[in-house]
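There are two complexes below, and they share chain A, which is joined by chain B in the first and by chain C in the second.
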Partner chain A sequence: MTPPTGLGRGAAPRRTPARAGVRLAGAALTAPALAMIAVFFYVPLVTMLWMTLHDWPLLGERRFVGLRNYRDALDDVAFRNAVLFTFEYTLISTPVLLVLALALALLVRRSGHAARFFQGLYFMPVVIGLAAGSFLWLFLFQSDIGPVSHLADRLGLTSRNTDWFADKTSALLVVIAMVTWKVVGLQMLLLLAGLQAIPAEVEEAARVDGANKWQTLRHITLPLLRPTLALVLVFSVAGSLLAFDQFFIMTSGGPTNSTITAVYEIYRTSFIQFKLGLGATFSALLMIVLVLVSALQLYLLRSSEPGSEP
Partner chain B sequence: MTSVLLLAGGCGTGAQSSASATDATISLWTRDTQKEFINLVADAWNESHDTKVEVTLVPAADFIQKLATSATSGNAPDVASIDLVYLPYFASTGTLEDITELADDLPYKDSLSPSHRALATYNERTYALPFSGEASVLIYNKSLFKAAGLDPEKPPKNYAEIISAANKISDLGPDIHGFAIAGQCGGCNVFEFTPHVWASGGEVLSEDGSQARFDSQEVTDALTFYRRLYTDGTMPAQSRTDNGTHQPAVFQTGRVGMVPLGAFYTQVLKQDSDVDFGVAPLPGKNGGWSSFAGGDEIAVMKNGENKKGARDFVTWATGEQAQKVLADNSITPVRNDLTDEIYVPLDPRNKLFAEAMEKGRTPYSTVEHQLFNDPNGPWIQMINKAVFGGDIAAAQKEGQEAAQAIIDRAPQGTNARGNR
Partner chain C sequence: MITYSFKSPSEAVAAPPTLYPHDPSLEHYRALAGNGGIDVLDNVRNSVVVSLGTTLATLVLSILAGYGFARLRFPGSNVLFFATLVTFMVPFQALVTPLYLLLDEFGLLNSLLGLTLVYTTFQLPFGLFLMRNSFAAVPRSLEEAARIDGCGHLQTLVRVMLPVAVPGVIATGLLAYFTAWNEFFAALIFVNEQERFTLPVTLSVIAAGALGSRNWGVLQAGVTVTIIPCVIIYVLLEKYYVGGLLSTLKK
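So, the complex of A and B:
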């Protein structure tokens, strides 16, 4: 991307025809991708921002209202509750996922058929759709008919007709268990790639110096893994902040609207209450939060990268 | 983007108009829950007409969003079969063709379901014709009634009798329950719960839809009645979180004594289960009865391409041939003048559904979806909190405020001609 040193602005017209051809080919090759990004990202983004300035019903007359939607959005109790719940969900699920993914990655790191087998096993749920996984777990935990309810009954934990989704805490735990099962394999794989990029000599040297397994992990492996950990963290947090399917399918926002996420509230505002302008405003606010949270994490990643420290 | 859509739309028009007028098709959208009979209705039309009806089944949960989107993007179908509760909304947004003259010219216009006619009227104009009927009743398991020492030919007639019957049935065993509701399904509970309020002389909305009545005494009584059924342990655990799928399924297993459901469900019961069931009216606190008069209306879309075909089809759909197809498939017809002839003789239990369509009521509101059918909306949240949480007064207060706030932001219209 960076032009070679010595080629200033004035040098460009003196370029050989071959170079111009390469530039043209480059532009031609990137054009389809740029067009796609423009059509599927920038146009919807600008449209969305335009919508936030309007009273925009699903059907009927739209009206320019300036920044009123933003004021309404900040005053909206339902949206505020949804955002708080989304943070709660993110704060619980992120560490669970990260620690479990790291543990699994360390387990399947060794060579051999058994490790490959378990690596495949842990990864398998990743290829199932989130909606399909949600329906599967919804059935598993159904009272009376779900196998988990039967199992819990046999083990004497709860009764067979316990309704797991009737209580916010247990409903949230079931959803987090499903999401963990569904995405921990992918995080494991990313961390595994990070682990394998750590030169074996470094850890060997630590061992030679007398460090035990725990010390090696804490002082050698984890610091070297930090860029990958931060990458996984950004993915994980963004995914949790955008959660929708799992709650829409498994809890329908219940019991008594206690598990409605931010995206769920955007959906409700836009397609249940038909207020597309306000829904777009919620989306814009959520986008700002996502950008801030991701930027913060990337900043932390930058400062922890080897070599960047003062 | 817009030009691409216009181009596509233009091509569609070209292809259609190149065919001769009689060959043109009529596109019909309906909810996928209607699939049992809608294709039979379409077949009946196709056999006797040169134009052909093409049915598109839209998932019920997305129906109004999809229809609204199609209406704005210019890809609207010619005809839409719409749940009657959404008629005021669609009429208020100018999506539907005004068919007042067509409706007034029908020789049997006064025999059409009164609720359907009221819901299809917006500011004195008519925007749809009644199509299919659906009434809510109490469906009960006669075998469980017998086992519990109750007379299966004498279903309960007030709240106290339902509570007593539910308790006796629940006592039959730990897996047997007296009464099941769908506690997280708004649409189910406007259909199943409001009749108790109406039968007791109460309202959930004022006549013109401008005031919510969620905090009325009759609503308190009906919530107290459901709360008692729950605290007595007569409801299965799933009732609290059921979004509408569990309640009919569990009755079908023969382990539930009573469920408030509709005519559509008796068709399912007859086909797929051995349960010996009876139907009874949904009673008020001290007797009387009422029903939710539901079902579909059939409308000509303003942006449709084949208006002439659409008008012919909606007229035909209220005629004897189409209504007989409904009756033969256990769907309640909307023609009171025909029910004794084509519907009631098919099953003695149909008599109640036919009566319920005449006596039944339907809330009229341009924001019915937000108030009642939304699974996270004020109606179902009030019921869920009151019945399973127990603080009925607080739930009603919260529900009333949320409902009134929604109504106050909505366009107002009247359901009766000249009754403002």
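So, the complex of A and C:
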């Protein structure tokens, strides 16, 4: 076998015992982490695929049913609705988040104390949990006693005692506002890292050539930012497809099951109805979608990249 | 939220809401601390145990393996590193059903250890990635000098590499801590006994009205208790956290 790249070129002494020592040490140091991932990731992954082929109640007999769970899953109205709602939520929240995060990143991009302060400030909600944030916003938007509801009433935006969570659209809007507040700082930080990696001279050169701010952004900054945008987009879409806490807590899936997400339906099927085989099948389908979405987005954004980059 | 938690029970549900507590009261916190049938102090302790455990385990495992992957190439290391990165694509929400059965098999349902192990596993890919990048940025000459002075791999790691990679270590640790402290879905499913709940799940119990009707004042006190430690840690370490993440992500 040829020696692995990166090791050679005189970095390590050429004596074989030392090389063997490096290999042994490398294997030993990585073993504990790899063991954890094997036991708590790969074993469940294989188990899940195995479960999808069975009628698998929590207690009682397991029966091999072949691909029947997959047919049942695709025929399941509740699951189909949950998937549709999850896509709807993802389609609305993703662009809102991305545009706002990009705007914030451009705003706090300069160096200096003020920029640092705002970077820190916008990032703050990221460290607050999604669950805690959901409870906080649930309260803010309560009719009668919620301060935001009260303020909206006073400003004449809503009629008295609007119940934000009684209507699917307004419930969805409140949830998206909460998630945006909570997540936008993280996306801003990722984009900021991408922006800071762009050499200043490139943008200056464009400006010298007479491009205005908008043209510079459109033709220079955004194309160079493409890899970071792709990364943020993948994180954002994956996060939305996995939404659970915010709907479980703020809407409880209501009104009339209109805000049940895919993960919420997995939870209900597996842990309320205890149909573990069907729940695992939902999970497997969700996993396939997640992997496909990540792969597709990365592919699209890579392939549309201008090939003439230095 | 904080002001609400200090209001008296009647004022907390007043409509229209008052701007600040006219009659400050610790009643909601007393209710949290056991007067209302829930002893949240237990849950605070659970959250601390799980979060610190996750942080410590993630740090130790990611530092060892990050160094291994960054500098000590061995046959198959690229394939194995890729195998850890695959976990990025399949988050634990998609594996929750088989994980439940696995923990059941190990007798780790309703246990803080089980929760810690799951959190650690799913923190590892990012921790590994961060630590590998941090170590890869350390000049090789530093390591070689240590090697010539007779340091073994572990000694080199602890004495030479770690001090240089501190920003990455802090970022990895804080991320693990915040994630474990705030996680809701796994905690909701893998733990069914009230005395083992972590704080976010406890909030949902309070919200469900375990204290009679839904008590907004107590809930706000609970939310405050859940959020404040994160905000304090963040404000104290913001420089390292945001800076550490930024510098690692830029590579």
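For the reader, a short list of remarks on this structure follows.
Just so it is clear, the second predicted complex is superposed on the first by the 286 of 310 C-alpha atoms of A that agree within 3 Å, B and C clash if a C-alpha of one lies under 4 Å from a C-alpha of the other, contacts with A are read in each partner's own complex, and residues count from 1 in each chain.
In this section, a residue touches a chain if its C-beta (ideal position, glycine included) is under 8 Å from a C-beta of that chain, and two chains touch if they have at least 3 such contacts.
Note that the coordinates shown come from a computational prediction; the quantities given were computed from them, not determined experimentally.
In the superposition on chain A, A:Gln142 makes contact with both chain B and chain C. Applying the stated contact rule after C-alpha superposition, one finds that A:Ile260 touches chain B and leaves chain C untouched. Looking at the shared chain after the overlay, A:Ile272 reaches chain B, while chain C stays out of its contact range. Of the two partner chains placed by superposition, chain B and chain C are both touched by A:Val43.
Contacts of A:Arg23 after superposition on the shared chain: chain C is touched, whereas chain B is not. Of the two partners chain B and chain C, more chain A residues are in touch with C. Legend: residue contacts after superposition of the two complexes on their common chain; A:Ala131 is shown touching chain C, with no touch to chain B. On chain A, the surface patch touched by chain B in one complex and by chain C in the other comprises residues 39, 43, 142, 144, 271.
Only residues 1, 4, 12-17, 60-62, 64-65, 67-69, 71-75, 77-78, 80, 83-84, 87, 89-91, 93-102, 117-118, 120-122, 124-125, 128, 140, 144, 153, 157, 178, 181-185, 189, 199-200, 203-204, 207, 216, 219-220, 222-223, 226-227, 230-231, 233-234, 238, 242, 245-246, 249-250 of chain C touch chain A when the two sit together in their complex. Partner chain C is touched in their complex by these residues of chain A: 1, 4-7, 11, 21-30, 32-34, 36-37, 39-45, 47-48, 51, 119-120, 123-124, 127-132, 135-136, 138-139, 142, 144-147, 150, 189-190, 192-193, 196-197, 238, 242, 244-245, 248-249, 263, 266-267, 270-271, 276, 279-280, 283-284, 286-287, 290-291, 294. Contact residues on chain B toward chain A in their complex (touch as defined above): 1, 65, 68-69, 71-72, 90, 92-95, 175, 184, 236-238, 240-241, 243, 250, 369-370, 374-377, 381, 384-385, 388-389, 406. Chain A meets chain B in the complex at residues 39, 43, 57-60, 142-144, 161-163, 165-166, 251-257, 260, 268, 271-274.
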